[in-house]
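Two complexes follow with subunit A in common, the first pairing it with subunit B and the second with subunit C.
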Partner chain A sequence: MIVSKKDIPNLLDKMIAEYDVLAPVKKDNFTVFKPIASGADAVLGEGNTKLPAKELFFPQSEKLFSYSVTEEGAKLDAPMDDKKKVLFGVRPCDARSLKLLDNVFDNDKFQDPYYLTRRANTVMVGIGCNMPSSTCFCTSVNSGPFDTSGLDILLVDTGDAYVVELVTDKGKALADQAGLAAASDADKTAAAAAKEAAVVTCQVNTDGLKAKLDVNFYDPIWEKIHEKCLGCGACTYLCPTCHCFDIVDDAVDCAGCRVRNWDSCAFPLFTLHGSGHNPRTSNKERYRNRIMHKFKYFVDNFNEIGCVGCGRCIKNCPVNMDIRVVLENIRGSEARLDS
Partner chain B sequence: MMKNPYLPLPMKLVKNFTETEDKLIHTFTLQFLSEEDEKSFPYMPGQFAELCVFGKGEAPFGIASSPTEPGFLKFSVAKVGTVSTALHMLEEGSIVGVRGPLGNSYPVEQFKGKDVVIIGGGFAFTTLRSLATYMMHPDRRSDYGKITVIYGARNPGLLLYKDELAAWEASPDIDLITTVDREAEGWNGRVGFIPSVTGEVAPSASNAHAIICGPPVMIKFTMPVLEKLGFTPETTIMSLENRMKCGIGMCGRCNVGGKYVCKDGPVFTRAQLNELPNEY
Partner chain C sequence: MQAIAAQVKEAAKKLLEDKKVDLVVGFAEGSLPLRGTPLFARTPEEADQLTWNRGCENNLANFLRKREGKVAVVAKGCDVRSIVALTKENQIDRDNLYIIGVPCDGMIDRKKIGKLLGGKEVLAVEDQGDTIVLKGNGFSETAKVADLLHNSCIDCRYGNPVVYDALIGELMPEKAEEDFAEIKEFEAKTTAERRAFLAEEFSKCIRCYACRNACPMCYCTECFVDCSQPEWIGKSAADVQDNILFQAVRVFHGAGRCADCGACERACPMGINLRLLTRKLVKDVKVLFNAEAGVSMDDKAALATFTADDPEPFLVKE
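Presenting the complex of A and B:
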């Protein structure tokens, strides 16, 4: 199937009648995902959004439930966002990040109903990346500019139109509703050519990285690697696969609500015990945890690298920490088993 | 509908008891509001729960009562921060929230037919009380061999559950050894730190398990003693207390290596911990 770019606003307007449509919109000099009221508001040609798509499923701040307490008990009210949604124009790396987060929010023992309800009710329509940016390294972490692993529909930009690839039944159902024209052989050739032409120039060699991390927890390299890092946590907030949070109460007297907010393993208070003891005392331990979590623990637990190579942490770090360099340095360091 | 693991069960605080002489530890007895609520909370010794004071927040505490004591839950809480302080000030009759049970439990099935040595220091005695009470229940006592409890505190006033300790002292079902760090007026029991007292008592390691909970220094110095007695990494069991929030393996803060203490623990064998980095 195919849809011409000039027909996109119309197509989105039709979807808006039935779904909450979330698409990238302009905000200052970057783009963010927002519910759109009109198809014309979507800004699809830009690169990745500043904030990752995870916030649409796991908001930065979210009410878990409200409560009112009486003498006899407590009345709890947990809102579930089960609106039908279309996430339109998500990039393949961000879509993949949600596939990864599914492992966390639907783990071997517990399910997070807030996240999972949103996931179940959202159709993911992605746009492949014809021009990966200089900080993208998706192909080094088992993804790529046309990775469909987290998508229901993939759109391939062929200049004046998008060639539509249906990935799942959910995607097919949405496309059927939209009544799109069939793609010609020429369109398909153009899509294949666009894919061919999109080159992720940055490669990070991850061969042997996991094996190294398996044994280098006490390696002196960690003393050096974190040195520049300020521990500001910006990389963790902007990372599409980071999922740490805190839970707090927001209340007046007996009525209020319990809220969860993004938190970060970059902060010392994150792990501080009530006794004053802290298992991750300095930035060295905290930075090590961030790397270990994504490139070892996530692999051990879910058989996937916990990074999609979006490059946000590289673009937005105030002191230019570059995770690609960090990984290369770790890979190149001597493996040591002693402490 | 999937179960929402964030929703607390409302319970009534029926007793707010000042447990220690320094008044810093209170034991809270909470009553289920209905039979149905109680059924929804099946737990085993070693598990914990997130206890909440509405309006102040929630924090994890080990369950000090035993499943053999129906109708209520018990927690002994040290006053250290927001939630614990709010709990200490609560009036009896207040409604609190309990989310759980969370985490794994002591492997009581594995203990069957074996001797069990329980070693506790300071106020980390809570889930050990649950364990001892569970094993001493008349229906279960014969499942286990000799039960030895070594329990120490800085001074007599800081020992928890004094009435019960007196009853255990008199009971043939359990060998209780209490100790305090320094001589104190009116104290006729042992004097000395847990590691040396453990060495003196010298419980046999043959066909036995040791369970140890307490402050990091105590653990550190008791480990070599247990090793010398012949307890192996497989028969030495610990419970970790990393800072927690969600209790369900999602919020990221309690990990030791790739394991989440809340979901994969808090009970681990020494052998399991030897495989993990020392981030606890």
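Presenting the complex of A and C:
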């Protein structure tokens, strides 16, 4: 199937009648995912959005339930966002990040209803990356600019149109509703050519990285690596796979709500015990945790690297702490055995 | 710039070779175009990576508090102002700090480049002095450096370090008094307009605290936002009022101490106009007390001293 770029606003308007449509919209000099009221608001074809798609499924602050105790008794209200949604224009790396997060929010031990309800009700329509940025390293972490693993539909930009590739039945159902024209052989050739032309130049060598992290917890290299890190949460909050959270009660007297907030391993409050003890006392332990979590613990737990190579942390770090350089330094260092 | 970079390297290597210092804090070439990155050199070999360019935008005073041993720092005008302010607050021992001062006429704001190029990615740059060539996939554009500088650098009148042990490069000519035009414009708004502006601006805040952590003057052992007992401020970023409260406290805490280096605004990944608030306080301190933070080793910080004839326009009078 194929859809002309000039028909996209119309197509989105039709979807808006039935779904909450989330798409990149312009905010200052970047884009963010927002629910759109009109198809014309969607800004497609720019690079990655400033904030990753995770916030649409796992919001930065989420009210899990609210409660009140009155003379009539206790009342509990647990809202559930079960609206039918289309996430339109997501990049393959962001879509893949949700496949990784599925491991965390849906496993043998835990099923998170808030996240899973949104996941089940959202159709993921992605746009492949014809021009990967210099900071993109998706091909080094088992993905690529046209990776369909997290998508229901993949759109391939062929200039004036998008060639539509159906990935799942969910995607097929949405495309059938839209009644799109069939793609000609020439269109398909153009799509194949676009894929061929998209080259991810940046490569990060992860060979032996996991083996090194398995034994280098006490390697003095961590002393050096974290030194310029400011300990802010920019990298973790802009990361599509960082998912640590903290749960707090916002309450006054007998009424309040329980809220789940993003947490960040960069912060001093992270893993601070009620006793006052913190196993991660300094920036060194906290930054080590960030690397370990993505490239060791996530691999141990789910057999996947917890990074999709979107490059947001590289572009946004206030001190140019580049994860590619950090990984290279770790690989190059002399491994120390745990003691 | 290249000549300065070579001299910085030379000076740092010599200090380390002669064992005059144990550590040199400076900038290395970053991993992205126009991006310097903080470097901690402990050997002459490590000092070989030192450089100087239009992307050395971080305030390195932030890395100098409570250091053990002898430390040297490669410092621009604004870094030195913060060093002076921190020395007065006993966070830096001036006797153990060697300042390699570098006069600075401004660092380049990559956000302005993004705007100029409509988001096209810069892959390489060529510094030609007053102009800079920005190159990317299928384009090459020449721009005036003056048009790309951070606003804090355009407003800065202290590009020349006010204190130093060695000076590299040539002193910059004096600049005219700043006029605080954008602050006056902000002040002229009605309360409702200001409130609306702040609500819009701080709806962008994701509470990553990059502004706080990039600021050399933010060094409380426990920041009030990190305190959970009592919880002074809501921990979620969903409440814009809490975001504004965080900034209000941060900015007031910096009053009379803030060197207006713009590190907070540079660090903000969401592009929030943070300097509007910090600079409003810079202006107030200047107007009320005729004081500027970190411009002299001798005077006391404006809000750390008291005289009987201090102005009190903020007090409600009978």
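Here, the second predicted complex is superposed on the first by the 333 of 339 C-alpha atoms of A that agree within 3 Å, B and C clash if a C-alpha of one lies under 4 Å from a C-alpha of the other, contacts with A are read in each partner's own complex, and residues count from 1 in each chain.
The definition used in the following text is that a contact is a pair of C-beta atoms (placed from the backbone, for glycine too) under 8 Å apart; a residue touches a chain by one contact, two chains touch by 3 or more.
Just so you know, these numbers come straight off a predicted model, no measurement behind them.
Engineer: Once the structures are superposed on A, label A:C244 by its partner contacts, choosing first (subunit B), second (subunit C), both or neither.
Structural biologist: first
Engineer: Report for A:A173: first if it touches subunit B alone, second if subunit C alone, otherwise both or neither.
Structural biologist: The answer is neither, since A:A173 touches no partner chain.
Engineer: For A:I314, decide between first (touching subunit B), second (touching subunit C), both and neither.
Structural biologist: It touches subunit C, and subunit B stays clear.
Engineer: Classify the contacts of A:A37 with the two partner chains as first (subunit B alone), second (subunit C alone), both, or neither.
Structural biologist: It touches nothing on subunit B or subunit C.
Engineer: Need the overlap of the two footprints on subunit A, from subunit B and from subunit C, as residue ranges.
Structural biologist: 246, 248, 272
Engineer: Within the complex, which stretch of subunit C touches subunit A?
Structural biologist: 30-32, 35-40, 58, 62-63, 111, 114-115, 119, 121, 123, 137, 204, 206-210, 212-214, 222, 226, 228, 231, 234-238, 266-267, 269-271
Engineer: Help me check something: in the complex, which residues belonging to subunit A touch subunit B?
Structural biologist: On the subunit A side, the touching residues are 64-65, 67, 69-74, 76, 78, 104-105, 107-113, 116, 217-218, 243-249, 251-254, 256, 258, 260, 263, 265, 270-275, 277, 279-280, 285, 289, 292-293, 296-298, 300-301.
Engineer: If you look only at subunit B, which of its residues touch subunit A in the complex?
Structural biologist: It is residues 1-8, 10, 33, 52, 54-59, 78, 80-81, 84, 93, 95, 97, 215-216, 241-243, 245-246, 248-258, 263, 277, 279-280 of subunit B that touch subunit A.
Engineer: Show which residues of subunit A lie in contact with subunit C when the two form their complex.
Structural biologist: 27-30, 46-47, 50-51, 59-61, 131, 133-135, 224, 227-228, 230-234, 236-238, 246, 248, 250, 259, 261, 264, 267-269, 272, 314-316, 318-322, 324-325
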